[in-house]
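Chain naming follows the written order as A, B, C, D, E and F, and within any one chain the residues start at number 1.
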Amino acid sequence: MATLGLVEYKDASPEVRAVYDDIMATRKTDWINNFWKALAHDPATLRRTWQSIKEIMAPGSLNALTKEMVYLAVSVTNQCGYCIASHTAAARKAGMTDQMFAELMAVVGMANETNRLVTGYQVEIDPQFRTS
Amino acid sequence: MATLGLVEYKDASPEVRAVYDDIMATRKTDWINNFWKALAHDPATLRRTWQSIKEIMAPGSLNALTKEMVYLAVSVTNQCGYCIASHTAAARKAGMTDQMFAELMAVVGMANETNRLVTGYQVEIDPQFRTS
Amino acid sequence: MATLGLVEYKDASPEVRAVYDDIMATRKTDWINNFWKALAHDPATLRRTWQSIKEIMAPGSLNALTKEMVYLAVSVTNQCGYCIASHTAAARKAGMTDQMFAELMAVVGMANETNRLVTGYQVEIDPQFRTS
Amino acid sequence: MATLGLVEYKDASPEVRAVYDDIMATRKTDWINNFWKALAHDPATLRRTWQSIKEIMAPGSLNALTKEMVYLAVSVTNQCGYCIASHTAAARKAGMTDQMFAELMAVVGMANETNRLVTGYQVEIDPQFRTS
Amino acid sequence: MATLGLVEYKDASPEVRAVYDDIMATRKTDWINNFWKALAHDPATLRRTWQSIKEIMAPGSLNALTKEMVYLAVSVTNQCGYCIASHTAAARKAGMTDQMFAELMAVVGMANETNRLVTGYQVEIDPQFRTS
Amino acid sequence: MATLGLVEYKDASPEVRAVYDDIMATRKTDWINNFWKALAHDPATLRRTWQSIKEIMAPGSLNALTKEMVYLAVSVTNQCGYCIASHTAAARKAGMTDQMFAELMAVVGMANETNRLVTGYQVEIDPQFRTS
């Protein structure tokens, strides 16, 4: 179980409920996933984290699907099991097809490979890549 | 300098030149960046790595820009300096604006943060996120 | 199960038992956790690892609680499930409250985020931060 | 140079200057380090990141020195050069002595070692470490 | 379960079966492990990944056992549970004894420790280590 | 420069000199690399780290070359610049040829790739890979 346990909606303070309500309204769902329930023992972190994610993940010059796939790519690189499960679900909800998932994984795998080849071979940055 | 040195075009074997030529033709550039010149001491790895990247990075259900931004997101997560420089350049060439870059970094940063919050709080995966 | 299995006290050689006894005496507990039982198939590594941890984790200019929280911060960053579970328990035993845990996780999360923002933006080190 | 360049105070918009002013007032310094100048091209991320750090790093049940040392421990684990330089400076300013630094590094090194031994030996979590 | 499910031999297309057959022939086994069955939903990635592994893991100037132990060392460093389980099995099949495993883990642990000590102390590369 | 500076032989205490002497005798060299000079401000860590490395890297059921290549593989995976430079030199001294280096990097790159593919596809461990 989560280190500090999970705070269910019925047991939550008004401050926590307000965040839960905003999560459900923003995501158009009727349930709260465990991540938020685990953070809820620290209402300041719950509020700050949710506000940041809400702001960052809102569509801008990148659309919601692209942002979710990037989130998944990072989570895979970091080998975070929970995050992979939750952001695979979120990316699918945002429109990721099986084929898009497969292409995404291929890029993530390749980047992780060449990141090591470059560093392992001690390759110097080309002048053309330097931002003057 | 790179561990095994760099193989310049004029010094390259026909096998290596063929890869260099294909890289330049595919990318519509007239130069080869250091990564490939460093790998060229091992022609089998040079060829295999280029073939894989060419196949993986070709537009499919994800477009070239999305793939380049994912590549950059992974490289940032892994803290690979060369890869960040080269894929920032590649993503810009594929159309990434400054605003898109800034949004991309915000997502990468946030994902790296919540990856640790989730794992640190020992949060269990919600049944809803499990694949069947 | 652990790759080489677990060596229980009753089955342990005198050399391994001596380490187990010292672990229990130092930690004032009456049981040995699985990590040590797994290492015990390699008595040299068991002994060396325990001696190092005993020396490093002893209170010095940093107290035991601070050291345990730093250990937990590293384990969370590395996404090591066993280590998070065991060092959360150890930190609590050393005095970590729920509020301290929550603040610790907030710092760990934030550091993981800004580590990537800094590197992703290719920020150069300020001269003021350089050590002479 | 930083990917999007650095925004100097004299060239900053009022919105960015307000953040810069708050950073200097909070930290009691008269200069802004490159990280913030690099983020300033994205005022929303600049503001959000600063607000989060200001809130998280304020003394609470953990004091400022402990928080800075945890920040440094994470940065070392992630091998972030800029972050190590800047947070070594910040931790020293908060009171970290050379001896405390040395003990901190010893703990960070050891944690990174045992994180891999535990996972490499495929050790199962002891029931005693599970939360409920 | 795997994100896209597993493709069993009896349900596989001729293209996928050809890869499965080559895996079993090359490895002299009569079953396919889940990794390949999971990739099989993306036949291009299945084929490319298998061809790369087949080529890379074939004995060359490094023998098969050394290559498998290196694969395991990387997987442990990255904390990849599946990979540790599968490559421990593969390394044993290639001749890794319990003693070799224990020595391998000791090296992996130590490297992970000193990687952080070096970076944490901000040590500059000795001129003697630079490649010309 | 290194955070605490470097301790040169002529300025070292007898305790530190004894370690330096043992390093040079064991490695059959006449100089000390910066890593040890940086650690020397903390003689306990200097001594413990050297003793551990000396013990771990001594030929056993794995020879010195294999151990050095594993050390390099881990350092590349962790993207530690200093460690890659120093252990490339050490591995070469132990007999690593250019061809062996190239094969080593190919394995390291591939392992980093498939580590992410496995985790990204959420592949379950095959019963055959489980230890007992």
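Quick notes on this one:
Convention: a contact is a pair of C-beta atoms (placed from the backbone, for glycine too) under 8 Å apart; a residue touches a chain by one contact, two chains touch by 3 or more.
Computed from a prediction, not measured in an experiment: that's the story for all the values here.
Per the C-alpha superposition, chain C sits rotated 180 degrees relative to chain F, a value rounded to a multiple of 5.
Taking the mean of the C-alpha atoms as each chain's centre, chain A and chain D sit 21 Å apart. In whole angstrom, the spacing between the mean C-alpha positions of chain D and chain E is 34. The set of chain D residues touching two or more other chains comprises 1-4, 45, 49, 52, 77-81, 85, 88, 99, 103, 105-106, 108-110, 112-115, 117, 119-122, 130-131. Taken together, the touching pairs cover every possible pairing of the chains. Across the interface of their complex, chain B is touched by residues 79, 88, 98-99, 101-103, 105-106, 109, 122 of chain F.
Those residues of chain E lying in contact with chain B across their complex are 1-3, 5, 44, 48, 52, 55, 130-132. Across the complex, chain A meets chain F through its residues 72, 76-77, 79, 81, 84-85, 88, 105, 108-110, 112-117, 119-122. Here chain C touches chain D in the complex through residues 1-4, 31, 33-35, 38-39, 45, 49, 52-53, 56-57, 60-62, 66-67, 69-71, 73-75, 77-78, 80-83, 85-89, 97, 99-100, 103-104, 106-108, 110-115, 117-126, 128-131, going by the rule given at the top.
The residues of chain E lying in touch with chain A in their complex are 3-4, 41-42, 45, 49, 78-80, 131.
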